[in-house]
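Each of the two complexes below includes chain A, the first together with chain B, the second together with chain C.
Here is the complex of A and B:
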């Protein structure tokens, strides 16, 4: 198993221990979303979750973020129960839908978590300006969300999640709505932030090349109920634009594709 | 503001012309539909329908108010100012109570189940029955009549605010609620940063209804209490002498309508300011 930043003695960033998750238990519409999930993510790792639609990827992120409570099993984050990690604000979440507050300007949306963490006005302004630059939206701070395109909104929501430099980033298909060029740019930026800050990232995606380009490990989930089908180690070293043309890159994407095919075929 | 004033003026002109053409038609045909012997629903003599010009003219005619003599329009404005104060107290008190109840029902589901039916039932209590109870109780507590009237007005205004505010406070999407939860935001913070701002599109229409109702409540309150002053009182007096002086009653109705428009306009102005203001 490859870890980006060493430190094997530290506790895991995320530890999912035989977790089952069912919705509407006992009703006719009961859904078994996840079944006996075991997964450890080390600090500083970049892990992607990939799998067919409806297999429970978003549910898994919500469990890590303590937005859902598992039916059985346990989730710990940085060695504490997920609940404590949420209260300690150890993670930032980028949801599948941007979920901006449409009565707030872009800048104020990015500053929302800072406001809740009692940052001073001056610090907030500095940080939001920095974040706007990062997601290539300088000049849009005073716009309202309704004046932005879908991809721009998603970038605002990424800036919002990054604004308070959380130790763990939970990202649910954050680049799904972006065009190919912006997407590759954002991938590069995300890797840069990840390396600079030593953040741990759990990243949900539908894109095989994206998962290969970004991750240390790719977790392939099967559907109904969601189970960990396989975990693929990615060893591509330092990522550069050339990485995407590296034969080893193709090898990795092929490996992921085959694992996914096996899973989809089983549905 | 100018556009609002212009549209009110335009509406007045339309009503004025419709009124006069109907009256003219009735006068020509002897209160029958033209070319038939079918009677008009409202007869057009000068008691039932005085000339619009006469009604407007009456506004500028003198009237005795105690020892003073002054134009009716000034008389009505003075009375309206009194009624406006009652309505304003009723509006603010009712809105505060309505919002408070909505927050209570939002916080505790059992409060919603327990309170909401009663809030609905409360509005079926006839004002005619409520007014004497409130007044008698108020006089017992040495409250001035203006307070009792304001309470009756409150009783009308709290209702639309409570119902709409609850809907508005419950309007944020699950994603937004989840976002606040991911920040471990306390209930109160979520209320202030998310639920109240989301409720604004629901609140302002309710405030407008409440503003108009507050005037209705104040006027009905004055009439059923038997105060010495106020627009309701003036209307009651003119109503009793309608047969001899119909223009005055119509003039006082115009006064009430104008007061209603004014409070409605005030809320609209505040709404524009609040919605324009950016947050953060």
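Here is the complex of A and C:
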């Protein structure tokens, strides 16, 4: 499944192997969040997770990022246990909540992972300027987070996750707080970065068109406990602004919508 | 820009000044009109003249008491912060010590002053410094420990995603998070240190400190002098409180009003 003996085949970026996840096991408030999840993500793939609220999408990202440990089963990232991948800084994460540090200016927030990786001051400054431009916040570097709107904060947190060019990006509804135009712009930028860097992306979203536009594959989860209901392959070729008006795009969104309707109906 | 800030400051101080002046005037009038006896309540004007007449004595006394209060304050802050850092680092220690500290904090520590006099000697400054330190220590410890531990779980999770060490999390998250809690404690203990020093002085010791000036002059029925000393003591307390506010401003620029932290910054338009 992953590395061949000779090491010639590339290992999967993410390999989730019969994972169960329950919270507060043994207590009255025990929650079975995920149940028998099997999922392999190839290197360089763009995979979206979609499903009803509370079905365990954020939990799944946290398991991949080794911020949670599965109740049973195993998670490996680039062929190593998720823990080792975290220590090796193989992934960057955009949380559902921007989670900026109030006491750091926007620029310093973006530079935080770079500081922790011992980048030189000059390199940090260059990179954060580049990132600010990317998320269209040039001029806001010296602001404090509390001086920004919710969508602006979310863009800072995206810039922070991208700043050190991780091999794997875990993004939890990163564009949820953005207006439609900024959202489409950010989608385009994300695809550009993804293509240029060959990074792997696992992307949680509530938006059907967004998942169709961005992904190679869309994983539809059912609710409580979260299970992989279906995996939809998306073959839309090179994405351009016209893709959104392509009949094939329409077909894909319909397919995702029907899969979702099936799991929502089952709740 | 500076001018408008200064103007705003003055305007915001205006009402307080007005109330202060009105209060003093009323006090003066009430004492005069109702012929209240001197030993019950002297007039502000007689307190002021005693202050002027005894200025060199007062200045010396406030210096002596001020030294005790400030040194005790600094030492108490230091001890409180260090212990908070240590207990945060070792969770089990925290769980044992914090309830104890809360309990001890609820007991009137100044009541220990006579005992400290016996322990540390009544002639030096050590005994009274120890009282101030003990009074200052607990609020600083409790608040700092709270600020160091009550961190948003998302922030810890982010740092964990960077595989940050406990020490890095302490430096980058816990300590900045604790600053507002610490500032609250500082506002509380800065004036408290003066109160503690003066009460400790009531239990004896050298006669050239504010607390002793108050008790000895009250004992001699020189109430206006005692009141003058009280005025000096409150000025000292206010000065330390103002110092605490300045520390708060300087250490947490991000808490200033929106735009206040970077008035020299001209942002581009968001597109």
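Remarks
Throughout what follows, the second predicted complex is superposed on the first by the 259 of 267 C-alpha atoms of A that agree within 3 Å, B and C clash if a C-alpha of one lies under 4 Å from a C-alpha of the other, contacts with A are read in each partner's own complex, and residues count from 1 in each chain.
By definition in this document, contacts are C-beta pairs under 8 Å (C-beta built on N, C-alpha and C of every residue); 3 or more make two chains touch, one makes a residue touch a chain.
Keep in mind the model is a prediction, meaning the values are calculated, not measured.
With both complexes brought onto chain A, simultaneous placement of chain B and chain C is prevented by a clash. The wider contact with chain A, measured as residues touched, comes from C rather than the other of chain B and chain C. Shared-chain residue A:240: touches no atom of chain B or chain C. When the shared chain is aligned, chain C comes close enough to touch A:137, but chain B does not. When the two complexes are overlaid on their common chain A, residue A:152 makes contact with chain C while staying clear of chain B. Within the superposed three-chain model, A:165 lies out of touch with both chain B and chain C [touch as defined at top].
Contact with chain B, but none with chain C, is seen for A:107 once the two complexes are overlaid on the shared chain. Judged by the touch definition given at the top, the superposed model places A:254 against neither chain B nor chain C. Touching of chain A by both chain B and chain C, each in its own complex, is seen for residues 62, 65, 67, 86-87, 89, 91, 93, 95, 97, 99, 101, 103-105, 112-113, 116, 142. Remark: chain A residues 62, 65, 67, 86-89, 91-93, 95, 97, 99, 101-105, 112-113, 116, 136-140, 142-144, 146-147, 152 touch chain C in the complex.
Those residues of chain C lying in contact with chain A across their complex are 152, 154-155, 157-158, 160-164, 168, 172-173, 176, 179, 252-254, 258-259, 261-262, 265-271. By the touch criterion given at the top, residues 173, 175-176, 178-179, 181-185, 189, 193-194, 197-198, 200, 278-280 of chain B touch chain A in their complex.
Those residues of chain A whose C-beta lies close enough to touch chain B in the complex are 62, 65, 67, 86-87, 89, 91, 93, 95, 97, 99, 101, 103-105, 107-108, 111-113, 115-116, 142.
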